[in-house]
């Protein structure tokens, strides 16, 4: 069993499901011979042919709409937006059709599609190649938003997304595409799409996060542990529909909640979690909720890029503030 | 250096943050207060009653000067 | 001067506005007068249906409704040329095509009457067609995606989308024909050019002299058709379907017709277009010419016309009754088709909505 | 001085500014001879000519991109999306260009544009004509989101939006377009874009809302008053950048916060307000924050449409729950 | 058969791959040999500049960079035909056009070097041009909007956008040419067809035999040009600009060229295209033919070539130094251009960021 990276886990999941289900097809820009600009679809066209791994013309609206059409005909398309910054032209098809077709037709037509996109900053890429815009899809009923943060979760959640009978927007944190390897058995085992992952237990403060920031949160937890503070780390991973119960349970235990995400603060998905805490866990709270997020500015070009992101130090400080507060 | 006393998990008294803040202001250890609200929740009156009772009984409810 | 490429857009017409046959080479289907009578009858039932819908709206029994008055030849021509296994991705007023494929008037009423069940077409082949698509031009890509599915699976089926003159300005239309050309997809994209997009006239929608020529941009076969002449529409459709089915690629058809009514019942076309224009358009409308032609051939007469109209009326009365008797969906219906399985949070919201209902009663 | 409706106030603001500033132009589908499908631009083409009131081809992407181009050349375009449900194809141009041009060019090129759209449900319209999707724009830095709820605020805020040197998404609650009239002097006086409006004072509970729901909140406040409960009603109106101070002040006073909006709950803009309360007003809170919102479902067709929206009764109940809690 | 419309796409070329003149009717500008030498020199400085950029990237002094190798005739042809008052909306690799209009190499370096100040072109006329546009094809609509502004204000200016073969598939391109046709806007849309969109070859990007014919969909004048022949490019541009300026409407130009390098420095083209194809393309590249032609006319020689190359090297060294000496912006820069005035909340975030900086130092 090989050790693989997150991006290799994506490829492995795609290859597994394509081999086991003829209706799975992959489409997007440069997904064919080139295997995707990040190599997520590496080798798939060679293995499954040009019909099932299709290089589309350069139009994200086309990709999204054709994906809806494929899915409506019983295929299970996995479409790629080359970067999350190019997903905007897909929004009408995702919001108005993919997420709605089941409801519109009372279940007659469904859209079991996956819309994949590399997500987030931190790789010194040009403009529009480094955004965190997952919240754009979080208020759309009928849609799942998934954002794995490890090779194993990428594999299991992508399998689940493809098999799910409803549309899934699947963001992949590109900063950690190749950050580390782990063993991911290619056993076709999917992970559930409706639970958060508790990555580390702790009794003093709950760190809630997703995507590349999971790493900083785990580091922050280590740093806090050295000072005797127990931080529980929750990887939300399946943002919507949200499994708030896991978060509530943790906050009930710790009384303190720090939410960490890369996207700008205002109306980011962290707001939803903070809101749920304020609604459902108020009597548990020993300190104000903290959000450690990107600032409300556009991701700067790469010189300043990392300064816009939540750092481990900022997370540690916020956690300590919650402890000092009560 | 960080030196706050960590309130232990499960110690959270069943009171809204505002009431806990109110109790802190009066120097009341809210864990000593009994709640009369729905489901045993501590309300403002419980805190003031606790203070009155403590003063009347000559006890010292105040743990220290409010910060 | 060196020439890299040359193109021609044909204009296809068999019957002129008076019903005079302007070509001798009638296609096979048109030589079958019984069949032509069938088409005429469906055009008429479409028109009766449409008038009934408008009447329902005017009496408060329907919400906003988009009429198809004047589009009967275009729509029935499209629907009748398709095979059952083909797929239709319509916009919102192509009832003539849809009735042919099994959509029931009661379903149309339900849809415009504010009930999603109107989209759950019960009869094949309509049952495997797409539902009405309100976001303009988006359905063209659903057809392209369907065509791609057929190609991938090696099925000899064709996807057909309809789109308005206005809609042909939207990127989705272009994207659909472009990928059809690039991937040789069995797609027939039909522009129903009724001269208006709500209040915006054809001439400021595009600077192109024909809308058919938009197909040239994608390397597709492109043709302009008299959209009020059902023989021409049906023939162009049959040819396009055949080309697509046999792997020769997609087509763009422009059907030139006219929207005789308001855009929808929420619109008042007198605000932006002259009466004379509409009067002139009535002289070219699709029913009259086909009737003249059928009558001249001895295949139709006033008596048959009256009898069929009466039958249509009866049919529509039944449909209207079925519609009016349908109970509104329970409040839970708005939750139950959001996901295949109700997520936990949503189940709680559903319970809340249900409890509010009970309180209200 | 005439009594006018909200939609007439929109027209009045457009006409005022067009008469006083040659660089203001209006564009969109059916905005010309027809005066817009809701008549928001009624009479403008007759008054200002076809060059300044332009019926565009039917493509929202075109409208948005051309608007960016016009603004970059020093015009002040006011673009219309015919309904909020058709705004999705504008998102790439709004998010990637309108909101970013100033930042991208260090201020060399700016986009002083307004993107108007009728917004929300409740008029028995067809599918996609009745959504509340303001949160889609709330996480985009460099953009203002404005949503007036009265004729006077529509007039003053639209003037401000047009004059503002940055792009503004301006949603108009169509359910109350013609709900009532009030006197709105045509004096060209703009309202500030960075303050919330306190519409009613009250000491017991804070109702925070915007758009058409302002009406239900005021009704709820009346109902609560009859039971001796003082509800303060805040119309957020200028959603982003958010004036949280006004809300914080009120919650400090009341200790209770009920947020009301039409959009689905999860990741709606209400989440941001609840989050800020949990972060900044925690020790003021006597009761859990409540959100009374649309359910997490697609706006149903019109038969069930009103059942999806927050009703006055639901607001009253929520307010009472906050009082019972403490 | 009745024909509704007919079209021809001309192919324009003056110099073949060997620099042989294939037409006698040289345009006026091309009869001015001094001017042609100027164009050649700018093509060469563009190439030297480009090689320097790639070298900077390879040595870690620049981020990802999109090379323009092979596009020199196309880009310089575009830039040199425009008047200062016109507006250019480029995508991301049209340096030849931009250098002509006053963009400085140091600005290009700053941009790809992760510093927004690279977009703040200091010199006119570049200063009133658009910045690089990464979201494909979106810039076409900015040009259309600019053209509309010129029309509204009655200014005799033209907006020019460039777009790739890949980008010409995107709805924005179609929307731009469509509104240009519908509103008779002074827009020149130039498709720089370099045969590749990253790894996607021209033939699966579109089924159309030429990309020029996309202009037919919008009713625009459309022409295909040898994009490696600067005389042809410049001539087609001049004509298109003149038509636009004089109110005769927009044009679509397809410049046929070849991307000799990788898509960007982050790409490895050997993954998806054969060596032979690239070799063949080198035989048609734009510098050689113009040089041959100029040398044959006695206007250029090896000595001049060497001298000019040396000058270019010096120039680029200066520019590189200026770039390398530029200090990174302070952390506050990411806040200060978000709005005209900093909102209160954002000011607090700015303070936070600043305090973290101070802590770090």
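Letters A, B, C, D and E mark the chains in the order given here, with residues in each chain numbered from 1 onward.
Definition applied: a contact is a pair of C-beta atoms (placed from the backbone, for glycine too) under 8 Å apart; a residue touches a chain by one contact, two chains touch by 3 or more.
Each chain and its UniProt protein: A, D = 2-oxoisovalerate dehydrogenase subunit beta; C, E = Pyruvate dehydrogenase E1 component subunit alpha.
In this text the structure is predicted, and so the values were computed from the model without any measurement.
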| item | value |
| --- | --- |
| Touching both chain A and chain C (chains) | D, E |
| Chain whose average C-alpha position is farthest from chain C's own | B |
| Selected pair, greater C-beta contact count between A-E and B-D | A-E |
| Chain centre separation in whole Å, for chain D relative to chain A (CA means) | 30 |
| CA centroid of chain A to CA centroid of chain B, Å | 42 |
| Gap in Å, rounded to a whole number, between the CA centres of chain E and chain B | 70 |
| Gap in Å, rounded to a whole number, between the CA centres of chain E and chain C | 43 |
| Residue numbers of chain C (touch at least two other chains) | 116, 135, 169-172, 175, 178, 182-183, 204-206, 338, 345-346 |
| Residues of chain A engaged with two or more neighbouring chains | 57, 59, 61-62, 85, 88-89, 92, 96, 103-104, 127-128, 141-142, 241-242, 266, 282-283, 285, 296-298 |
| Set of chain B residues in contact with two or more other chains | 16-17, 41 |
| Those chain pairs that satisfy the touch definition | A-B, A-C, A-D, A-E, B-D, C-D, C-E, D-E |
| Touch list for chain E against partner chain A, complex | 63-64, 111-116, 134-137, 164, 166-167, 169-171, 197-200, 204-206, 266-267, 271-272, 328-329, 331, 333-335, 338, 345-346, 349-350, 352-353, 356-357 |
| Partner chain B, residues of chain D touching it in the complex | 255, 282-287, 324-326 |
| Sites on chain D touched by chain A in the complex | 61, 85, 88-89, 91-92, 95-96, 99-100, 103-104, 127-128, 133, 135-136, 138-139, 141-142, 240-242, 263-264, 266-272, 274-275, 277-280, 282-283, 285, 287-291, 296-298 |
| Contacting residues of chain D [partner chain C, same complex] | 29-30, 32-35, 37, 55, 57-62, 85-86, 88-89, 124-129, 265-266, 295-298, 300-305, 307-308, 311, 313-314 |
| Interface residues, chain C side, partner chain E - complex | 1-13, 169-172, 174-175, 178, 180-184, 203-210, 212-214, 216-220, 224, 249 |
